[in-house]
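Next come two complexes built around chain A: one with chain B, the other with chain C.
Showing the complex of A and B:
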């Protein structure tokens, strides 16, 4: 409850800030539509030559594209801006102000910047997802929907923890933006089913840079092709990464305050 | 007797810094192997600050002032020694401690650049869980004291440095902290704005009975705000006590200004002639001889006016630092 109030306060501040740059709305609209257009065109080209992609039917891949936009929107909405600002504030020292506040500093740095225009990606993602489901003509049971939402949440937690771990590296190495750029391009790989990729890359995208959990796994849950082992694995992975990222954060703070030196 | 609000004993903070050599080749070598050097920023200082006291914390750049303030506000972990604020160990950053203190840094901003200050205030209201009634009253009071009225609704990026600083200070005081750490709050501001902020700090202290530790480059800040000063240099304590004692202790000379008709007379036999303008000669004489020289001047010359002064406080501080460096 108190975290919701805090989030609400930061959200209001972000809205006030963004409203001053209305042009960004149109830039984001253009960017989102362009990105979606490219994805859909890619699908059209691929499925004019093949019936399935890595074992996925066209409308299933379309659902995946929807999830890709949805999760990408969440990353762009709150995770990425917060983490970028964390790195920046470690460098210029404004993190000091966060640390002197009587609230959990990790929570504050994680939610303090919201790029509201990225909601567009979320809306587009939901739209594509809905279209895909209609075309699949499949009945979505309560259980399946719950699985989907659960996997989506697990995916979001995994991605958040992963970003936080990367961003906390800035406590040791001052310039780490490049790592974030690498992650961003790895995430692009999540538009396609990971089963499409050769074994080593599939492992990499699942366990090293856990993109698969954010996109492929929720899409699998929705299209009813997910085994309980994977589901359990995703939840376990989310919990483990959440704990690990907290450990990284605390170690980073100890480093920042010189307690470990 | 109430315990001191700030208590420091034998405080040390050593930074481990990796040294970078000049030149590209050395820089490349540095990628593989870095030489680590220990730099003591604070090297065994002790002092206490009582409740409701304002203490001026002086020292040249790199003396360890900011490091000390950061330890006291919980940002840095001391290497050794004791430090408590309101009875808390600051680096544990307990919420009940953080709620009662604030840190203002003249060189850094906590206000969000793109939004009006009032929106950043609102954020602090939620973070500090200030009841709406109290918040409104405090904002009104601070607006009144600092003349914030026209500033609060403009985006912070459109404010001047001085206007921004006023808003920064107000934002840091919304929760009415009992302990206030001010690190160079007047840096870069013009004289009028400096005065404004100084009188505000004095008002705040009176109204809220706050304990204030203030660092500054500007001696006037310290002179007008605090009677007690703590001087550190190279991480060590040089002086802790009344400002007037500091001046007395470290001044071996006085300044005598003699008003004569013109600058013709040679006064070098009375003391060092510092300058002469419009018949006003400034002499520097050893403190012990002041009375004697004054007497001679009055007896020998057609003196229109005569003034005996302590040297400016900047000069005194310079001497303190020069002695500390030895």
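Showing the complex of A and C:
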């Protein structure tokens, strides 16, 4: 509860800060719409030559695009800005100020920066998702909806833990921004069902850079093609990564000596 | 002319050492350059396999060859000058470049070429590896291979000049993200990145032929794939030269206007 209140406070601060730059709203709207337009036009080109893509019907791929935007929005809203700031603050020593705060430092670094305009991607993602579901005309039972939400949460936890591990590397290596670039390139591949990719790339996108859990798996849950093994696997992976990233974070903190502050 | 050659030799000496410092970053940035075409390669291979082994005039192996060559052509011609320019102007660092007695575009060209001296061998290795994995094969005529070099060079020059001109939008606004993104969308669709141009709806194909985009990426790729007749190649070469002239003129006009509005922000 206290954590929610804290998040609310950071969110308010960010809204107040950004309200001075209202033009950013329109820039982000333009960029998000453009990015969505590319995805949709790309699908249109491909489905003008094929009826299904690796067994996925057009509206199912559309649902996947919705999930891709939704999760991408969450990453851009809070995960990425927080982790980038963490890396920055380890380098210039300002992490000291966070560590002196009475709350859990991992929690604070994870939520303290919110890029509110990225909410746009989340809204657009939800919109696309809703449109895809209507077009699929398929009854979504309570169970399926629960599976979808569960997989989305597991995916978000996996992505968050993965980013935290990458960002925590900065306690040992000062320059790690480039590793984040790798993630961004790999996330692009999540626009498409990972089942399309040849084995080595599919494993890479599932276990090395776990993009598949964030996009393909929730979309599969929604379109009712997910076995319980994958679901259990995703939940187990989320829990394991969450613990590993926590352990890693504490190991990193022990190394931290406040470089120059 | 001699002064220019000497200038470039000196530039290359410094930029090569500089770029070599960034070798790890350069390799990491390549991941995106490889992955994007690779994803489209895979998507189109799946489409092709599910519709009887070909889409339009492209077989599954053709798609592999198309995207692997595209990867290399894109690597040779790409620039990051938009980000660089925005940063320079936002941070005011551009003032120093203006003090030098030569046009700043020359050091940018040297930067760009140096980075590619380092990354291109790696890219060619990756392309060869992917060619084996995806069973790509090409059989271009000897004249097409010979023409590929000048066509690729022209593509690089035109793309560099156009993007250098576009980058100067930063003179007027330091929020150039939206402009750049619009440009990338046009490149994605009209330069043949999202699909070979012949698979696009015909209005888009027509637009691609009139605008510069096709000549920057798709044209060299099609040439090396052996899909162009000598006549079509000459027409393409003419289009490239025409765009080269247009882009030089544009660059000069925008540069003069931009310089007049330049006030170093932040420095």
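As a working rule, the second predicted complex is superposed on the first by the 256 of 261 C-alpha atoms of A that agree within 3 Å, B and C clash if a C-alpha of one lies under 4 Å from a C-alpha of the other, contacts with A are read in each partner's own complex, and residues count from 1 in each chain.
The rule is simple: contacts are C-beta pairs under 8 Å (C-beta built on N, C-alpha and C of every residue); 3 or more make two chains touch, one makes a residue touch a chain.
Being a predicted model, the structure only gives us computed values, none of them experimental.
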Just chain B (first), just chain C (second), both, or neither: which does A:178 touch? second
Which partner chains sit in contact with A:94 here, chain B, chain C, both or neither? Use first/second/both/neither. first
With the two structures laid over each other on chain A, which partner does A:27 touch: chain B (first), chain C (second), both, or neither? second
First (chain B), second (chain C), both or neither touched by A:140: neither
Look at A:192 in the shared chain and tell me whether it touches chain B only, chain C only, both, or neither; answer first, second, both or neither. second
Just chain B (first), just chain C (second), both, or neither: which does A:45 touch? second
Looking at A:131 after the superposition, I want to know if it touches chain B, chain C, both of them or none. Which is it: first, second, both, neither? neither
Both chain B and chain C touch chain A; at which residues? none
Chain C partner, complex, touching residues on chain A are 23, 27, 30-31, 34-35, 37-38, 41-42, 45-46, 48-50, 52-54, 178-179, 181-182, 184-186, 188-189, 191-192, 196-198, 201
For a test of understanding, state which residues of chain B touch chain A in their complex under the given definition. 13-16, 70, 73-77, 79, 91, 93, 95-96, 98-99, 101-103, 105, 108-110, 112, 114-116, 119-120, 122-123, 125-128, 155
Under the touch definition given earlier, write down the residues of chain C that touch chain A in their complex. 24-25, 28-29, 31-32, 35-36, 38-39, 42-44, 46-47, 50-51, 55-56, 133, 175, 177-178, 181-182, 185, 188-189, 194-195, 199-201
So in the complex, which bits of chain A are touching chain B? 5-6, 8-10, 12-13, 16-17, 20-21, 92-94, 96-97, 99-103, 108, 254, 256-259, 261
